[in-house]
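Next, two complexes with subunit A in common: one pairs it with subunit B, the other with subunit C.
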Partner chain A sequence: MQNAECKVQSVEQSEGQIPLAVRFQAPTASRSARSRSVMQLAICTLHFALCTVLFPFSAHAQSTRDTISALQPKVVKIFGAGGIKSLAAHGTGFFVSKEGHIATIWSHVLDADLVTVVLSDGRRFTARVLGAEPQLALAVLKLNGAEGVEFPYFNPDEAISAGTGTRVLGFSNMFNVAAGDEPVSVVHGVIAAKTVIEARRGVFDSPYSGPVFVVDGVTNNSGAAGGVLTTRDGLLLGMIGLELRNAKSNTWMNYAIPVNELASPIQQIISGKFERKKDPHEDEPSLKPRRYKPLDFGFLLVPDVVERTPAFIDSIQGDSAAAKVGLRSDDLVLFVNDELIQSCRALHEAIGRLESGDQLRLVVRRGNELVNVEMPVPKKKE
Partner chain B sequence: MIGQRKVAKGKRGGVLCFGCLCLLATSLTAAEPQVREAELKRVEVIEKVAPTVVAVFAKGGAGGGSGVLISKEGFALTNFHVVTGLGPFMKCGLNDGVLYDAVLVGIDPTGDVALVKLLGRDDFPVATLGDSDKLEIGDWTYVMGNPFLLATDFQPTVTYGIVSGTHRYQPPAGTWLEYTDCIQVDTSINPGNSGGPLFSSAGELVGINGRGSFEKRGRVNSGAGYAISINQIKFFHDQLKAGRVVDHATLGATVTTEADGAVVVNGILETSDVYRRGLRSGDELVSFAGRPVRSVNQFKNILGIYPKDWMLPIVFRHEGERREIHARLRGLHAKTELMPGPRPQPKPRQPMPKKDKDGKPEKTPDLPQAPPSDPHAEAKKTAIPEQWKNWFVAKPGFANYRFNQLEQDRVFVSLKGLGDFASATGSWRLSGQSMAGDKFELTLAAKGVGLEIRDGAFFQQLEDTDPADEPQGTGGFLIAAHQLRLLLQAGAKGFTECHYFGSEPLDGRGELADVIVTTLGAIETRWFFSRASGLLLGLDSRLLEDAEPCQIRFDGWNDFSGRRLPATWRVTSADKEFATLKVEKAEVAGKK
Partner chain C sequence: MTAIGCRPSAIGRAIANLLLILLCQPAWSWQSPTRELEEAEEQAFKRAVSQVAPSLVRIETVGGLDQVQNFLLGNGPTTGVIVSADGYVISSSFNFLSKPASILVTTTDGKRLAAKAIANDTVRMLTLLKVDAEGLVPARPTAKPSIRVGQWAIAVGRALDANAPNVSVGIVSAVNRVWGKAIQTDAKVSPVNYGGALVDVDGSVLGVLVPLSPQDNSPVAGVEWYDSGIGFAIPLADVLATLDRLKQGKDLRLGLAGFNFASTDLYGGDTKIDRVRYDSPMYRAGFKDGDLILELDGHKVTRPAQVRHVLGSKIEGDKLAISIKRGEETKRADLTLVAELPPFEAGFLGVLPTREKVGSGSTEGGAAGDGVGVRWVYPDSPAAKIGLKPRDRIIKFRDQSITSAAQLIDQVSRVRPAEKAAVIIRRDGKEQSLEATLVGYPADLPKDLPTSAIEAVADAESKTPDDNKGGEAEKLRTGRFAEEVAESKNAWWAFVPESYNPAYAYSLLAWLHPPGDTLEATVYDSWKLEAERRGIILLGLKAANINSGWQANEAEFVHETVVSFQKKYSVDTGRIVLHGYDKSGPFATHLAFKHRDLFRGLLLAASAVAERPPENLPEYRLQFQLICGSKDPAHATLEKMAKSLQGIKYPANFTSLSDLEHRYPNAEGIDAMARWIDSLDRL
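Here is the complex of A and B:
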């Protein structure tokens, strides 16, 4: 389970069912009559929560049918750029206004002049990107030629949050199974965790890092991103994210970005008042300790494009430590402080572990020659 | 769920939370028995259907899959790709812990279905067939079977999930293993589940699991599994049970979607039945087999579930005029393609299974996406178990001809009750009046057939002459009548070739009828028998391939001196009636 590896940040109080379990522990300490009754209720509630997780009601079969048929017209299939290798040319989106605004994931599929949007009943429209917030992996599209047509939509302001154990449905055009005039695929699951993702996409970090719902069902497949996650009774929870691997376990993640996080940028993009927020990390002092980068020593590596990009030096800054010890571009770094370096990433990690006052010893290959260099680690810039 | 939501929204402090808890508590007492009931119901359903689930094993345990019993005689459905290469005999385990011998009965390489028969009992547990068209997205389903070949004790693995999509299309590998109008589920389907049952929440068999969408997560469940609908399999069931290698239908025309969304014919075979019934390039398809046609994909989806040679209703618009026809559909494959032997390999869409060092595919549990390169490839020479060897008869074009013989015997029983025609080698003289009031006399003799009706006289010599369309425009009524004489006299032996086809709706709209196909030289005749009474309902006889057949439909059988013959003959060809003959008198002579 990838979520086991996810870094779980502190759970918000009074949200979902976990807090109920938390609250249940407090009264056990005191013995007042009121706390006893609270405890009983809490036990019942906990029991209820467990039952809900473990034994879905059969009565839900009927209402799930109705929920699904009511929601499917709000979910659309998006066709755009891609179609090469593992880059799918299809994606998913959902209506967020009756005028035909669609929220979807910010991805390569939108990297086309016009994208095609196909509704659950087969109606086709072209659409253009109205605005995007790459930090939230969000894009908002507007259908062309849809004046006067009303569409069924999700109101992003009505999105709710839900805790671990909530039973959910995922709607998406995964694998482009719904290629014809047909509604998208629906899968079921349970929220396994509400956490902050630490994930990567290929060798790159995930564009989105923030709170997510992690689901125990397989919601995130190719083309599923931009789909919706709802509760079993149809309330909007999240937007299904891009296919990502957990940064630690390397397993595929099934998650959705809470629409709560997206609601105000969606409305701002629609109303044309959207201003990209600054990276919150730009203002706040970073909680993470500052780590050394190759640039602190005056060299840059080649772009990290594949899983194991060899650690070639791309360029040297004039008048830097690297220039002084004679490093050159096209040198291949083989060892950092006696540690074998097999990729750009390994080099970044090794340099990141240095502390002020350490020595940086490099072994580089230049042509057929091995060259040793050494330089002191400078004092950290705050 | 309501309770949960209240809690989720209850951020406003303790009092509100407490209120929510009270709310929850009230809903709780009601919910709990319901939850327990739902659980018990699932346990009950699983217990009921688990005995019908089959674990299929290749000889020596090298690979296998799943299956499901559909008759107490032991007929079980599985995937074609599960039985490929296993040879005519295999081993099947049930959850009673017994490993049964099983024999291959029929295969559908296009639809990825195979029928096998478990041997040794006549009281096997049976799954109830459901109606897969009634499934809706969100319905709960059970998948049972043998994923990863875990069922070494033959106890099926159970997974539970929802219907993710209905009437889905999954493209073929080449022209084989095309999943049309199939059911998409998020119920876990893994390698080894192939051929196993998809049960509805009520425990009815609604599909046969066979594929999944596997991409970067490897060959394990990725939330999208596909099952062949049981309704499609019902159409093919009688053909499979007859030991045949069956084929799916094609229209004989290609279609394209116009800008306005209309589905329009853009190419048509002039030898096809739809062409003879008036369909032309540029015509718009309105409906097919009773379902409206909305797009090319959707049309392919509907077409794909029907067997070759079925007659189905088609509605189209020709120059603005709406027309409804019933046309007999062609096969997707040439006959030779369905016969064993090497042929060009279809290019698989998915990566082929890993090869071992001898270059043979590594045998793993049968995988939904491992397309067999050749449906008849490398049938291993396994020793046929001595006690079961009479269950298999090899014949080109059949998966197991033994089962076709059994079906022919079953259908031909009714002919025996009609009287002694074997000795009636002399001429047969049938006379009476047509519905139009014309007197007629039909003479059937060994050397020729003659008909006098109205003022005309028609004759067909049977020796040293080519069969002709006589009377003209009837599709060869005299030859067709002669076929009836041959059938009554000698049964299957009266023809060069005879096989049981399966069942089809009579004339594309009537009751399901048993169909026997006979050939004599170039003359092919389809005989329709009532499944209720066993009586012969009629025949379609054509002089040449792709020629318009002569269609005769019988109404009532009368006794003429100890021999029963059809009382009323309605003779049509190309949708035009030639005559309806009412036989009043019949003289059937013995040896001269």
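Here is the complex of A and C:
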């Protein structure tokens, strides 16, 4: 039942999210740069593999190289749907139980009748989707015909958090470089930032919204999603997310979803007690009527002529709330209730969202000064 | 760990050194790096970031453009580096390409301040901001000589999160990159840290992160390398050295000495000066065409690239010590570089050279290398005043033996208007010495310009096996034909005169179809006759989407198609013209300015020069013709524009067509345009 429900969800997603396909097409220049990095990383992988073979028993436990050889068997290659246009038919996942449960990203790859999982030692299994939480971009698979076999695994409950600058390792089958009995590729980097992906449409076009680890290495490539991010000494941090473009900077992001966020749904799916949380935005109409407009406070903006017309005040009505707090024409509105206002359009939206009884706090720029004003939101006659 | 805490700088260096040693070992002899070392390094990174954090600000902008040069601009937060306690912040100019209406700076303690852009460093792509604040923490610069390739380099920005810096760790990959301007790093540099700091493990600032490209100096150049492992930072020490000049509020511009090289090969050519620009620092110091540069600022130089390396980071007002060799003599001087040179202006003699047959040395009046014939003399020109006549041959100009029209054009352009030049001509077998006082290029077109004779292809000639062009000519298409280009979805049509004779060089008119009404029939019908008479190959180029018009990325299609025609047919490189009308004018302008090595003429009908013209350069001859009807609303604007082109010393003609509205030029206009094209090889 769970499974069927997820299928429906996935269909809705792929129809509603045409940009998904767009997202997967990186500009060629950056793509080739990324491929270059991948080449280097592949060499790195080889190098590490070589070292592991030559020095299987290092005197120092928990150095990066020991970590890698210990973790690689816990990460698997996943093959499923895709292979058309720029959608890859491969992905990555990691064991979360010794019985063969695998956590991975909820993506089009799982949209197949049969999903194949290949282990680092070359063993192949088919798998079925046990459950999924599309809001967290999470899916859990179970290997078929693996009864009685024990697998090395990560315990999601032992996932930790770490600060900016922490050295990390990313494990994934990026670009499907690893074949057959080869372990997945390893990349290294540091945590560039811990930040929040906002689910605002148009800014981040992502099914997932919430905290992420941003990484300075190129971890998020084609097929890398569902891989793991760990500390240098092997502690589980996050699951590598789908390729995603940051619309604020127009760059591709490298990030992982903290496993902390995923641990309880993973355990619930495994134990069959999972109930999907309701999307808080699900029932909201996509286009809310704007309840208030600047004129309700007694000011008018300059005509909105270009994409990013700055929100300059054009005129103030005498005897209005705006006049009382001392707003002037030519003031530039910069913040509405702590939200940065980058255009007239953004101001209309922010004021439109106000509710009766709220306070409207504005920061305006007058010459070289920032001026704070505050006005009560008037009652609306229905 | 306490020891590490006390001396971060020393431990950081030690770690870097140790890592270098490790990296130098062959793989099989590697010592496993210990957990302790890895942890110490990680601690050092974090400490460096926390040390630099108070000197980094988050920058937000309001309003402005959403794209520049077809490049989509993000409007998210960016980063800046504090350079003075009293509120000066340096950042990457990339962060302000949108020309925002307002700039806001947030300091590390969360205080928001209104900022003003003070000035730009256009050489190193930096912008200086000022906020009203006191007691800010300026970044501590790393001493430049101590920067070593291989040391840790941490790129720090503030764009990703409001509360904490974002970090990328790498090493210094190179110093003195991009013509001496920048440190290169493999830390990930992108819009999330442009304007931020590249930091040493001791927390001092190596440089300010910017996008840069060695090949291109446009403001978005280098952004395509974001996160690739190729990132650049301008040394903070260099920024501080020019800070006082930026604080004056004047943009810093590249310092020019005023010369160009004879060789266009940056790495293979020598340092022989082709021309010293009139009234430039080089000119005033007494340097001359043909001097060989030996040393710049104490660096020995033998290749143009080495010279560029020294000059690439120079700013106006900077000093340059130069020494040269002239014959057996050497000469040195200290120059003060300038940002602007007086516009280059070529002298005009008033002659159209005879178009000799391609490949064959034989000419109407003499043997191979025997000067250049006079095809036509401009009335009232310097040439007319000294009595030059058609069929005279110019043997020498300023003591230089003349061997080709191109060489004569070059020689004449080296003389400034009002200067005198000695001319030796041969008339009826006798040499005469004359002296002409040159003038500037005339704006008016010659009223009656006789065509230059093109002989019909003689059967025997076209089949001569050793004449390559003649041999191929049998396969070459003439008349009107067209093709569609599958890959780019563009299309073109062409008209090659039926009488095409590869023994003569033709003009090439590249006509860009405006969007919508494509005018193909009009253009073909009105030009066919003049094309046959005056030897012009017509090439009509169409945008991939003919309705929406030309996009910036179609420049390559136009360039490639023109070059392929130039290779296939016998085309005079001095007479390749771009022609736009109405809405295709701006794209024609863009291409003419972008490919200055290819296009020698820009012909705009009922359309303005839509981009600011680049400086007139002796190495790239470019002539303009603006033509429109007297009833065209744009008439006055275009006339003014032609005047301002003449003001910056470009040869520019304005032709007004009586009683014509905003339309493609009529028969009178075609005649004027054809005369202009047929006189592009004037000198």
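Heads up, the rule we're going with is that the second predicted complex is superposed on the first by the 210 of 382 C-alpha atoms of A that agree within 3 Å, B and C clash if a C-alpha of one lies under 4 Å from a C-alpha of the other, contacts with A are read in each partner's own complex, and residues count from 1 in each chain.
Please note the rule applied: a contact is a pair of C-beta atoms (placed from the backbone, for glycine too) under 8 Å apart; a residue touches a chain by one contact, two chains touch by 3 or more.
Here the structure is a predicted model, which means the values were calculated and not measured.
In the superposed model, A:Ala178 lies in contact with subunit B only, and not with subunit C.
When the two structures are aligned on the shared chain, A:Thr195 is found in touch with subunit C, with no touch to subunit B. By the touch criterion defined above, A:Glu307 lies against subunit C but remains apart from subunit B after alignment on the C-alpha atoms of chain A. After overlaying the two complexes on the shared chain, residue contacts for A:Leu235 are found with subunit B alone; subunit C is out of touch. When both complexes are overlaid on chain A, the residue A:Ser320 reaches neither subunit B nor subunit C. In the superposed model, A:Asn250 makes contact with subunit C only, not with subunit B. Applying the stated contact rule after C-alpha superposition, one finds that A:Thr64 touches each of subunit B and subunit C. In the superposition on chain A, contact of A:Val218 is made with both subunit B and subunit C. Contacts of A:Ile341 after superposition: subunit C is touched, whereas subunit B is not reached.
Touching of subunit A by both subunit B and subunit C, each in its own complex, is seen for residues 47, 51, 55, 58-59, 61, 64-65, 163, 166-167, 217-218, 232-233, 252. Contacts from subunit A toward subunit C in the complex involve residues 27, 29-30, 33-34, 36-37, 40, 47, 50-51, 54-55, 58-66, 163-167, 189-195, 214, 216-218, 232-233, 246-252, 254, 306-312, 332, 334, 340-343, 363, 365, 368-370. Taken in their complex, subunit B has these residues touching subunit A: 1-5, 7-11, 17-18, 21-22, 24-25, 27-28, 31-32, 34-39, 41-42, 136-140, 161-165, 167-170, 184, 186, 201, 213, 215-217, 221-224, 294-295, 297-298, 301. Subunit C makes touch with subunit A in their complex at residues 27-28, 30, 32-35, 38, 41-42, 45-46, 49, 60-66, 72-77, 98, 100-102, 104, 112-114, 116, 132, 155, 159-161, 164-169, 187-188, 190-192, 224-230.
Interface of subunit A with subunit B (complex): residues 14-17, 19-20, 23, 38, 41-42, 44-45, 47-49, 51-52, 55-59, 61, 64-65, 67-69, 72, 86, 122, 160-163, 166-167, 169, 174-175, 177-188, 217-219, 221-222, 231-233, 235, 243, 252.
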